[in-house]
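Across the two complexes that follow, subunit A remains constant while its partner is subunit B and subsequently subunit C.
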Partner chain A sequence: MGLPAVCSVHAAASIHRGETKSMDQKKQIKAFVLENYLFTDDESALADGDSLIRDGIVDSTGMLELIGHLEETYAIKVENAEMIPANFDSIDSIAAFVARKSPA
Partner chain B sequence: MTKLDWSVLDIDYEQEADRIARRLREVTARELHKRGLVVAISGGIDSSSSVALAVRALGPERVFALILPERDSSDDSAVRANLLAGHLGIRVETVDIAPALAAIGCYAARDEAVRRALPEYGDGWRFKIVIEGGIEGRINRFRLVAVSPDGDQVERPLGLAEYLQIVAATNFKQRIRKNLEYFHADRLNYAVVGTPNRLEYDQGFFVKNGDGSADVKPIAHLYKTQVYGMARHLGLPERVCAAVPTTDTYSLEQGQDEFYFALPYRSMDLALWALNHEVAASELARVLDISDAQAEAVYEDIRTKRRTTRYLHRAPILVGEVNELDAHA
Partner chain C sequence: MIPLSSRIERIARVEPGRRAIAEGERRIDYGTLWAQARAFAAFLRASGIDAGDRVAVILPNCIEAVVACHGCWLAGAAIVPLNAQARARDIAPWLRHCAARCVVYQAGHRDSELALEAIAEPILRVATGTSGVDGASIAWADALAAAAPSAPVEYQASDLAMILYTSGTTGAPKGVMLSHANLAANVDSIVRYLELGKDDSIVSVLPFYYSYGASVLHTHLSVGAFLVIEANLVFPHLMVETMARERVSGFSGVPSTFLLLLNRVPLANYDLSSLRYLTQAGGAMAPATAQRLREALPQARLYIMYGQTEATARLAWMPPERLDEKPGAVGMPIDGVELVVRRENGQPADVMEVGEVHARGPNVMLGYWRNPEATAAVLQDGWLRTGDMGHFDADGFLYLAGRRSDMIKTGAHRVHPKDVEEAIAELPWIAEVAVVGVDDDTLGQVIKAFVVTDAEHRSNANAIKAHCRERLAAYKIPKFIEFVDALPKTASGKIRRTQLTATTEPREVS
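Moving on, here comes the complex of A and B:
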């Protein structure tokens, strides 16, 4: 067990609430990908910019599972036109997509 | 830049038929040590060409054909298959696999998943699954297309869990068929012929331990266009040569290109050839009269399917080495 992250509390207080929310979402999304696609909680196993498709972490069925999870968890609807790999190919791009789609 | 046109798929069919027949003879005798070949025939172009090549290799008396219809097979498939068996003068046995599929729960599991997407689905309805997104470069999504007993067509989005269960249930069909093929192969001391064409083989359009299972696959290197050419060259009955490719797996007739491939098979053949020969996407776009972006998306779809279906081709993965068997490969 690590110590409570005191520093991040100060940091969080100084930034906009929306950014905090999207930071939390990004962490959640990364945890989901790590746990379900790599069976680990080791954050160093995946960089936020790594390509999930090119690196063979998520295949096409895995991508649909991921999109289903995002729709359910964040109450968003991924439209057909948004079903492009670029939106879901890394933790960064997924988090940005979810933040764009989420109600402010 | 390599110039692309349809003639790249032209081959010398007589020479190719001879080469395949010679190799089938060698493989059956010297590698598999079997007395003949079992081929399940559907009336479609791939199994028809394969069984004809098996006959060319070993003669009609050493080829045993099976016709294995179930509830959703079109009646015309069995008619064409019987016509072909008669034409080739081979032994043929028809086994209705519907009772086995019902007993194992294939239809019940499938219908339960369909009803989750379409509650009114029931007796007298027909359905198929279509994919969308391949040519637009999008992640493939699935839709259920169903026709009611009154003839009304409805479409519903199909969730992943429902899609996976429908596919898992219908895969029983290919796996039960393979059981029967190996029953007859074991009984006769024959080998089993798998009948994928190059497009299906390359893109993983088969069921692991179902139609993907076989001892030899004589046309896996031929593009589908070439398989049609081979059927004509071998003089197979016109009704067989003119067969339209369908999955013959769902109750509503389903083109393979609706279900799996981004484009109709002739265009897919050309796209696959072009990708294999490093032809620029813009050149493929010119010949197929599609946009450059669409051609690039088709290339990407081919690469994605190769990656996604790689495991279907693989033997079980071992964690430690067992090298002693290599000497007997």
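Moving on, here comes the complex of A and C:
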């Protein structure tokens, strides 16, 4: 009966690693947005749920740069159909999208 | 002259169920649009707004912005659509300058709220949106339900209908005053050459607070056409999906809009067979881009147009079938308008000789609101000095050759260098600053700031941009910042902007 326990320990470790990775990714993404669109390193300048589009933080050119950066940094390919506000409108939604697209 | 509101009334009476505007999932027909405009007018009158009073609107393109506009007119008031991307720093001076008695804004819009707090005089506040309406404001829905519709206020063709601000805080703001007759005349000319009818429909991305966006709105609604509002161009393919889904017959843009479509969207993958016309204004589009556009969308007729806010919107149009023959031309005068190119001494220039374009017609503004000096500088002997340089060819087609002013054209926006310079100069460590437009493949121009500062602050480009973000609309933030030892100046100490524009390649120094 020891095997399942070992497996669950591995699974928990894997989940933990996954969470850490996505937390790191989220921080990196936020740092990129702060630096390139808000010109600051002050994390309080942008809440993770703030709309980047409605608040005019990212325009059409900025969005293209952001998507290019994500593709390069996280080795993902963003399809045309995925380029929608639901995936890119906030730090939360971008981080969740990148986590979904990233290799496990 | 048939006022624009009367045209909506007629359509609403004959075909109340006819679709007028779509905004995301929201739709409104002409009957409801008219009923809401009457309700808003009744609210304004019941609230003590008198004929001739100014009602400011700080909204992105939305149904409420259109209802407020016609509601104002029915109440005899003038509408002042303010740039919803502007910051409180610009909004407050505009509100003060036009002495707005009522403001319609989006609940929770921070810059509107900051600007309203800065105004000492009492202002009737109407907040759109379903949440975040504070105690000082009346919710839009409550305003519409507040008073029983009353008879519209009679107004004259020459009465003030709209003020459009074309500059920010520098000196005295310039608010272009347009009369009901101005608006009606320009709409009539445009409807005629575009051959617009009630079966037309258009996707609109141009802000209603710019003359081009206002013109697209009013021309289409005045004939019973259907306007589909797209909030932004962040994802250009989504807009093309809307064009295909709604099977629109028209689309209007500035050169950068069309470049975005051509460069970012596989247009051939969409069924755009319903497109009948494309209109382009807001600066010169390269003939090569026009050619690409016509090849990508051969089913649509491309109308190159020219104008300015001081002329309501339009002054000239290019018949699509003459494009090949006259590449680079902005066309011939629209119906009712005379255009003359003049030398500096005021004499008419010869054919092919460059001079300043002057315009005369029923669409030329009344003047700048409470700014007689600025008015006198451009309205002379019944003519409007456009500030645009150009020449006519032997066939009477106008070609432009730049502007007399330093105004920067970036995308659909106009930016006065001084607005940006003043914001940057607020930083205590800036010794001198000059702002110019530099060429950009997509936007036409982008903003570049040349900054003189001490050695300690020479790597602070981001601090400058962050400060601009705080103080200016996003499109006014310099894309490039270059630190220099000194600015080139004339003997009298005036900055040589042309030298800065001409001798420097765009370069990121941050």
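Basically, the second predicted complex is superposed on the first by the 89 of 104 C-alpha atoms of A that agree within 3 Å, B and C clash if a C-alpha of one lies under 4 Å from a C-alpha of the other, contacts with A are read in each partner's own complex, and residues count from 1 in each chain.
The rule is short, and it goes like this: a contact is a pair of C-beta atoms (placed from the backbone, for glycine too) under 8 Å apart; a residue touches a chain by one contact, two chains touch by 3 or more.
Computed from a prediction, not measured in an experiment: that's the story for all the values here.
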Subunit B and subunit C placed together on subunit A: clash or fit? clash
Problem set entry | Touched partner set for A:Ala47, first subunit B, second subunit C, both or neither | neither
After lining up the shared chain so the two structures overlap, which partner does A:Met83 touch, if you call subunit B first and subunit C second: first, second, both or neither? both
State whether A:Phe39 touches subunit B only (first), subunit C only (second), both chains, or neither.
second
When the two structures are overlaid on chain A, which partner does A:Ser60 contact: first (subunit B), second (subunit C), both, or neither? both
Thinking of the overlay built on chain A, is A:Gly68 touched by subunit B (first), by subunit C (second), by both, or by neither? first
Only one listed stretch of subunit C (116-124, 224-232 or 476-484) runs into subunit B, and it is 224-232
The shared contact residues of subunit A with subunit B and subunit C are 53, 56, 59-61, 63-64, 80, 83-85
The answer for subunit A against subunit C in the complex is residues 35, 38-40, 53, 56-61, 63-64, 80, 83-85
Interface with subunit B, subunit A side, in the complex: residues 53, 56, 59-61, 63-65, 67-68, 80-81, 83-85, 88
In the complex, the residues of subunit C that touch subunit A are 85, 232-238, 260, 264, 266, 442-443, 462-463, 465-466, 469, 473-475
Within their complex, subunit B touches subunit A through residues 132-133, 137-141, 159-160, 164, 304-305, 307-308
